[in-house]
Each structure stands twice: as C-alpha cells, then as structure tokens.
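Below, subunit A partners subunit B and then partners subunit C, in two separate complexes.
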Partner chain A sequence: MEELFYIFSFIAIFSALMVVIMRNPLTSALYLILCFFALAGLYVMLDMQFLAAMQILVYAGAIMVLVVLVIMLLNISRIKNVKSDLHQKIIGILIALILFIEIIVYIYNGAQKNPTGIFTEALIKKVGNTKIIGQFLFTVYMLPFEIASVLLLVAIVGAYLFAKKKY
Partner chain B sequence: MHNMPSIYGMNFLEKSMLGIIPETVIIIFAFFVLFLAFFEKLAKRNNSYYLSLIGIVFSILYVLMLAGRNISGFYGSFVFNGFDAFLFIAILFSGLFTVLMSKDYIENSGMPAPEYYSLILFGLSAMMFLVSSNNLIMVFLSLEFMSICAYILTGYIKDNTRSTEAALKYFVLGAFASAFLLFGSVFIYASTGRLNLYGIHSFLQNVSYLGVAGSGGSIGIKVYISAGLILFLIGLAFKMSLFPFHSWTPDAYDGAPTPVTNFMATGIKLAAFAIFLRIYSLIYDFNVMNFNDILWLLAVFSMTFGNIAALLSTNIKRLLAYSSIAQAGYILTGIIGGGFYGYSGTLFYLLSYIFMTAGAFSVVIIFENSNLISLDIKKYSGIGYKYPFIAASMSFFLLSFAGIPITSGFMGKFYVFSSAVKSGYNWLVIIALLNSAFAAFYYIKIIVKMYMPDKEPAAASSNSSVQGNIPEIAGGAIDEGIMITIIICLILTLFMGIFPQIFINFANNSAGFLWRI
Partner chain C sequence: MNNYLTVASIIFCIGALGVITRKNLIVVFMSLELMFNAANLGFVAASNYLNLISGDIFVIFIIVVAAAEAAIALGIAIAFYREKGTLDIDRANELKN
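So, the complex of A and B:
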C-alpha cells in the first residue's frame, strides 16, 4: 500500500507542476485532470470512496469539461508574449511559502490522536462511507438537501435569463 | 448502525412540515408563477402579479396561524417560534410591497414578468429559511439561495449596462463574502464539533473553551472559534452592508431595478440582521473575544461613512443606499446594547425601517415609472406643489429616516439607543446621536428641494413658472399598487411612532424566544 501512496503523490505533484509549466492551455487542463485522478486515488487509500468518486465525477468530469470548452471556444493554442514579472514571481513564491507553512502547522497541530464520535474506523470500513453519507443526507440533512435543489433551479432560471439574447 | 435521535416519534415528518408551511406555500406559488411563463397568453397579462400577491397573503395567514407554536423539525435543521413569526411577517411585508410596486415598472421596461415574480418569491422563501435556520449548513445554503435570487434580480434589466455591471460587482463580491462565511462555519465546526446552533451554544456553555490546550492540539479551541466567528461576521456584515464591506451597496442599489433595490434594502437586510441576531445571542454572546468592540467600530464607521457619503451623493437611489448603510449602523447599536431590551429594540427598528424604506422607494418608483424625473435629486425641486400627497408622504418617510418625533424612526432610535445606554455604551450613543443630527441635514435638504424650488432657472426663463417645468404623470393615473404601498407605509410609520407600545410588545414577546432554547 505504501508504494501506491508514493506513486499517487508523485503523479499528483508532477502533474500539478506540469499545469504551471506547460505553455499550451489545453495541455495544462489535461494535466489538471491527471492531478485530480491522482488525488482521487489518494482519497481511496484513505477509505474515502465517496469523496474519490465525487472528485472524479464533479472535478474531472464536470468542471474540467467546462474549462476545456472555454479554452476551445477562445481558441487559445499557445500563450504568447508572456511577460515575466518580478513582482508576480515574488508574490507567488511568498503565497506558496505561506501555504506550505500553513500545511506544516496544520499537520503538526491538527492531527487528532484519538478520534471521537460514533463513526469509528471499524464501522466505516464495515459499512462504507457512501452509505453513511447517504443516510445522513436523507435524514438529518434532508431540509438543506431539498433547499439545495430549489437553489439549483433558481440558478438555472438565472442562467437562462442572462443567456437569452432578447426577451 | 448509528442511532438517529428518536425524539420525534412516529409523525416526525408531519411535525417538521408544519414548521416550514409558510416557506413551502411561497415556494409552491413561485413554481406556479414560473409555470405561467410557458403560456404566452397567460404570461402577457398581470396573472403572475396577482398570483404572487395571493401567495404572499396566504403565507402571512399561515404565519399568523402558527404564531403561537414552538416547532423544531428536520432533526433540528430549523426552528419556528415567536421570534421567527415576527420576522416572517416583516419579511413577507417587504415582499408584498416589492410585488405591489413592481407592476408598472415591469410593464414599462418590458422585462418578462413571470420569472421576475417567481424570483422574488424564491428570494422571500430563502429569507424565511435563513431566519428560521438553526444549523450552520442551513445558514450557508439559505444565505446563498437568497443571494443568488438577488444577483439575478439585480441584473434583470437586459440592455442596461449599469444593471449588468451592478449584478457582476454584487456577484463577485458576494461570492467572496459567502466563501468567508463558509470558511468561518468550518472553523466553528472544527472547534466545537457541532453544526446545530443550539448545540454550539451548549458546547460553549459546558466546555471551558478558554483552557490553554483544547482537544485539537496545542492551539486551543479559543483561537479556532475566534477565527471562525470573525470570518462568519465578515460574511454576514457583507449582507448587512456594514462599513468595510459596504462597497457593493451603492452600485448594486443604483443599478438594480428600483423594486429590486427595495427588496434588497428591506428583505435581505432584515434577514441578514435576523440571523445575525440569533447567532449573536447564541454564540457571540459568550464573549470568546471582545466582539462588542469590533461591532462598536463597525457601527460607528458605518454610520459616519454612510452619512458623509449620502451628503455628497446627488442620485436619490445612491443617497438611499448610503443612508441604508448608516441605518445599518444604528440597528447594530441595538445589538451591541444587547440583552432583552436591545434585541426587542432592534426588532422594532427593523420593522419600522421596512415601512420607511418601502415608502421612500415607492415614491421614487412613481416618478421613475412615468419618466418624469430622473433619479437626480435636483429634478425633485418643486414637486411639492404639483403632487402634494406624494411629496408629503415622501417628506414624512424622510423625516422618519432622520428620526424626528411622531415617526416610527424616532421611536426605533429611542429604543435602540436607550438599550445601548443601559449597557454602558455612552460614547457609541453620543456618536450615533451626532450622526443622526448630521443625517437630518441631507434628508431635510430633499424636502426643502421639493417644496422650495430653486429660483435661478425661473429667473432665466422669465415667464414660465417653475412648477410648469414638471410634466404631468401620463394619464394622471398612478398605479394603485404603489398607492396602496405608500398608504400602508404611511399609516404604519405614523402608528408605530404614536402608539409604539403595541409594536414594542410584539417585539418583546418575540425577542423573549431567543432565550427559550
């Protein structure tokens, strides 16, 4: 199992780097999909099958399709005249450093030694977290779930109104 | 498997559904109205207008029927009690006024009616869900629901670049604010392990969160929960349009169709303040950090900035937007004052604020509808003689904004400020009083403009009298919906000013429910 972790994390880091380095936006987008798949693999290793499926369905499936569609519509084959801005580089490095420190601090402090609650690791292994999430979604969080459906309907109406050329 | 709380017994769904009937009725009517858009013949006439009015009236009736009950349902996702009943009525009134004043506006601008009214109704239901939500997920979802309706309605005028720009600004900034709110809720959840507001309340009551090391490692719970509460406050302050997070307000209020501006100024502000009041009384009141000092600063800056900017603005919608920022500062004073009197004063002020604002905006709409007067304040000069009733009611609403006695604005300010004095916030009240004296200047400036037209243009164009410059309202007929709105607002503003005892009793009753957990 440990080898799998290293393979997935290597793929994730490598493809994330390629997203930044590649000059062709479409290639970047495809590398981003690869990154999402690698992350999904990591989620599966953490017994988060539902999260992994959602990662692939929503991110790699739906959102990346939109990104690729926009790239195709704009017809950008290659980013030209890239100005290397020193300020941008400094700010980027600073933000990356801050995020890195944040992750280190989080891992150092946030790792809970004894997880509490009714959902023990053994139970999740036995039932699978998809079933638990489903049960919660249709009992405890039923009202938010229904409200989300109406919210999406309103969003569709709004998209339709804005996209319409003329009333 | 895990055990679901079995407190609900057999008829869990019936009990839960009973509490959300007012929202459900509104949503069902919104679907009906949306359905009208399928049929060209039905959509052309005013069917959607009347249908949405009926829906809102039904919902008000249901709220009145449920008013005495105390319902909590869907595993504690929402709660319905006297506090919600009061605010539901206020929100539904704001929706009723919005629908009443938008009939002619929609016809004149050629916007599709069914979608517009259904979005208003969806927005109303979202506000009601937000007020009665008792769960961080519900708060976030219904806040987003409400905001999405508002974004769409802001950009509803198709060929108007100002409207589209306003919608885009509102959307981008609003999305940021929602992200802050969500991030804050995550922090609160991480530190307490609970999503239910009452659950967080009891957690903070029982656990010594001030301890050095919490359960989360070397950084105590206190740090996490303070960070969460600050981020949460930012998300809500955006919706309440308090000072550092106000920048969208003038643009969005100015660019949106005027009925929608009224909807944003009354409904959204009311719902945001209501949920802030609930969360404040449950969580912020533990004084994890000195939140009252932060709120103190927000209130003072909102008042001062709003009033100074309103003084400088020449567009009446922008002026009302800035004045609404200042009013938010006054309302916040009541929450800072805190306690039973502070909260009931805040509720009273919110109720009176709805009637003043709706009245002022409906006067603006009357003149905007018939293309008589642009939104420039200078153009309002002399209308006092041409349209005595409308001008008189506008002056009354503006005086109420300024807080002159016998108006509801005065009584609202009185309750809010006296509660702040009781809690020892003397400087805050002194600044607020200075501000409201300062604000009276620009409100009265408009009244002076309306009744005492400038003499210079009259002198230039020798014979034509000043009053002659103001054209007649086309056909001499003002839409009866707007007139009804103005009359209701006028009566209630006067009534709340003269007999505040009835309304403050309602507010007291409903504020008392905040402590009945």
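So, the complex of A and C:
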C-alpha cells in the first residue's frame, strides 16, 4: 500500500509539473489527463472508489475532451507562443514557494482533531461508498443537489452566449 | 493523512505557479483545474481521516462546479480568440486605464 501511494503521488506531482513547464498546450493537456488518473488512484487508496470513477468520467473524460477540442479548434500551433518574462517567473516561483512553506507549516504544526465521525473504514467497506454517498446526496444534501442542476443549466446558456458570434 | 495533505499542497502550489507564470489562456485554465484537484484531494484525505462523509459530498459538488466553469471558461477563450486573434492574457487589458 505504501509503495502504491508513493508511485501515484510521484506520477501526480511529476505530471502536474509538466503541465506548467511544457510549451505546447496540447502536451500539457495530455499530462493533465495523466495527473487526473494518478489522483483517481489516490482516491481509490482512500476508500472512495465512487469518487475515483467520477474523477475519470467527468474530469479525464468530459472536461479534458472539451479542452483538447478547443485547442484543436483554435489551432494553437499556428499562434505565436508568447514567452513569459524572467521577472514574472521569479515572482511566480517566490509566491508559490512562500505559499507552500506556509501550508506545510500549518499541516505539521496545527492541532489535529481526533476522528469523530461514524463512517469508519469498516463501515464504508461493509455498506459500500456509493450507497452511503447516494443516501446523503438525496436526503441531507438535497437542496445543494438541486441548485447544482440549475447551475449546470446556467452554464449551458452562458457558454452558448459567449461562443455566439454577436453579443 | 499528512502525507496526502503534503501531496495536495505541492500540487496546489504547482497550479498557483502555472496561473502566475504562464500567458496562454488555456494553460492558465488547466493550472486552475490542477488547483481544484489539489483541493479535492485534501477534502477526501481529511474526510477519510475524520471518518466523515461530508468531504466526499463536497468533492462531488466541486466536480459539478468545475464542469460548469470549464464550459464557461472555454466559451470565453473562444470569444477572446475571435476578438483579439491571440490567446495571450496580457492582451486582455481593456479595463486598465
């Protein structure tokens, strides 16, 4: 188990780095798909198989297909690739480093709460995580679920309006 | 749990680095997706550690919002390209003066 965690997190971090470094947007899109698959592997290790399936279906399936389609549609290789200036790079690395140190300090020095919930690993394995999530989604989180569907409808209309020729 | 949170924070910072440094609109959008995913991993790890289920429900809603955001962002990218003929985000400076 331990080795699997290291393998998956190494793949995730490496491909995340490649997304930022690579010059060609299509290459970074493919590396981003690899990163999503590695994160799905980490979800499986955390006993959330349903979320791993959602991750692969929605992110690697739907969203990345949309991104690759737009890259193809705009024919990016024809566009002159603008290099980011050194000044901006230094500031970016500095900000990311400071943010990282801050988060790490909080993770390792913060007071940790003890586990309080009832959904232990054994219970989730016994009932099945899909069943538990479904029960919660349609009882306690019913209103957010409905609002999410309205949000998707708004997104459809908004995307149509943006991509139209004349506003 | 600390291991998972460390991985999540590393991916989040890489995404932030991409948002700040890169100039291509679509690459900036992909770095944003990276940050979303780092937050998701943090949610799942914390909810697994605390024996709760609400973190996992949150991740589902984050995925829904990310899908909606992807549709809008790519629509904006197409409109921007049609307007400017480029995807350089430094050309989006109408509000500057």
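We adopt the following convention: the second predicted complex is superposed on the first by the 137 of 167 C-alpha atoms of A that agree within 3 Å, B and C clash if a C-alpha of one lies under 4 Å from a C-alpha of the other, contacts with A are read in each partner's own complex, and residues count from 1 in each chain.
Simple rule for what comes next: a contact is a pair of C-beta atoms (placed from the backbone, for glycine too) under 8 Å apart; a residue touches a chain by one contact, two chains touch by 3 or more.
It should be emphasised that the depicted structure is a prediction, and the values quoted were computed from it without experimental measurement.
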* Asked: Does the superposition put A:Met142 against subunit B (first), subunit C (second), both, or neither?
  -> first
* Asked: Is A:Ala155 contacted by the first partner subunit B, the second partner subunit C, both or neither?
  -> both
* To do: Mind working out whether A:Val58 is in touch with subunit B, subunit C, both or neither, as first, second, both or neither?
  => second
* In the superposed arrangement, which partner chain does A:Leu73 touch: subunit B (first), subunit C (second), both, or neither? -> second
* Which partner, once the models are overlaid, touches more of subunit A's residues, subunit C or subunit B? -> C
* To do: May I ask you to decide whether A:Gly92 touches subunit B, subunit C, both, or neither, giving the answer as first, second, both or neither?
  => second
* To do: Kindly classify A:Ile7 by the partners it touches after superposition: subunit B alone (first), subunit C alone (second), both, or neither?
  => neither
* Just subunit B (first), just subunit C (second), both, or neither: which does A:Ala16 touch? -> second
* Which subunit A residues are contacted by subunit C in one complex and by subunit B in the other? -> 108, 116-119, 132, 141, 144, 148, 151, 154-155, 158, 161-162
* To do: Please name which positions on subunit C make contact with subunit A in the complex.
  => 2-7, 9-18, 20-24, 26-27, 29-31, 33-34, 37, 40-41, 44-45, 48-54, 56-57, 59-61, 63-72, 74-79, 81-82, 86-88, 90
* To do: Using the touch definition up top, name the residues of subunit A that touch subunit B in the complex.
  => 108-112, 116-119, 123, 127, 132, 135, 139-144, 147-148, 150-151, 154-155, 157-158, 161-162, 166-167
* Structure fact -> Touching subunit C in the complex, subunit A uses residues 5, 9, 12-13, 16-17, 19-20, 25, 28-29, 32, 35-36, 39, 42-43, 46-48, 50-51, 54-55, 58-59, 62-63, 66-67, 70-71, 73-74, 76, 79-84, 88-89, 91-93, 95-97, 99-100, 103-104, 107-108, 113, 115-121, 129, 132-133, 136-137, 141, 144, 148, 151-152, 154-156, 158-163, 165
* Of subunit B, residues touching subunit A in the complex -> 1-4, 16, 20, 27, 34, 73-75, 77-78, 110-112, 115, 118-119, 122, 125-126, 129, 135, 137-138, 141-142, 144-145, 148-149, 151-152, 155-156, 158, 193, 215-219
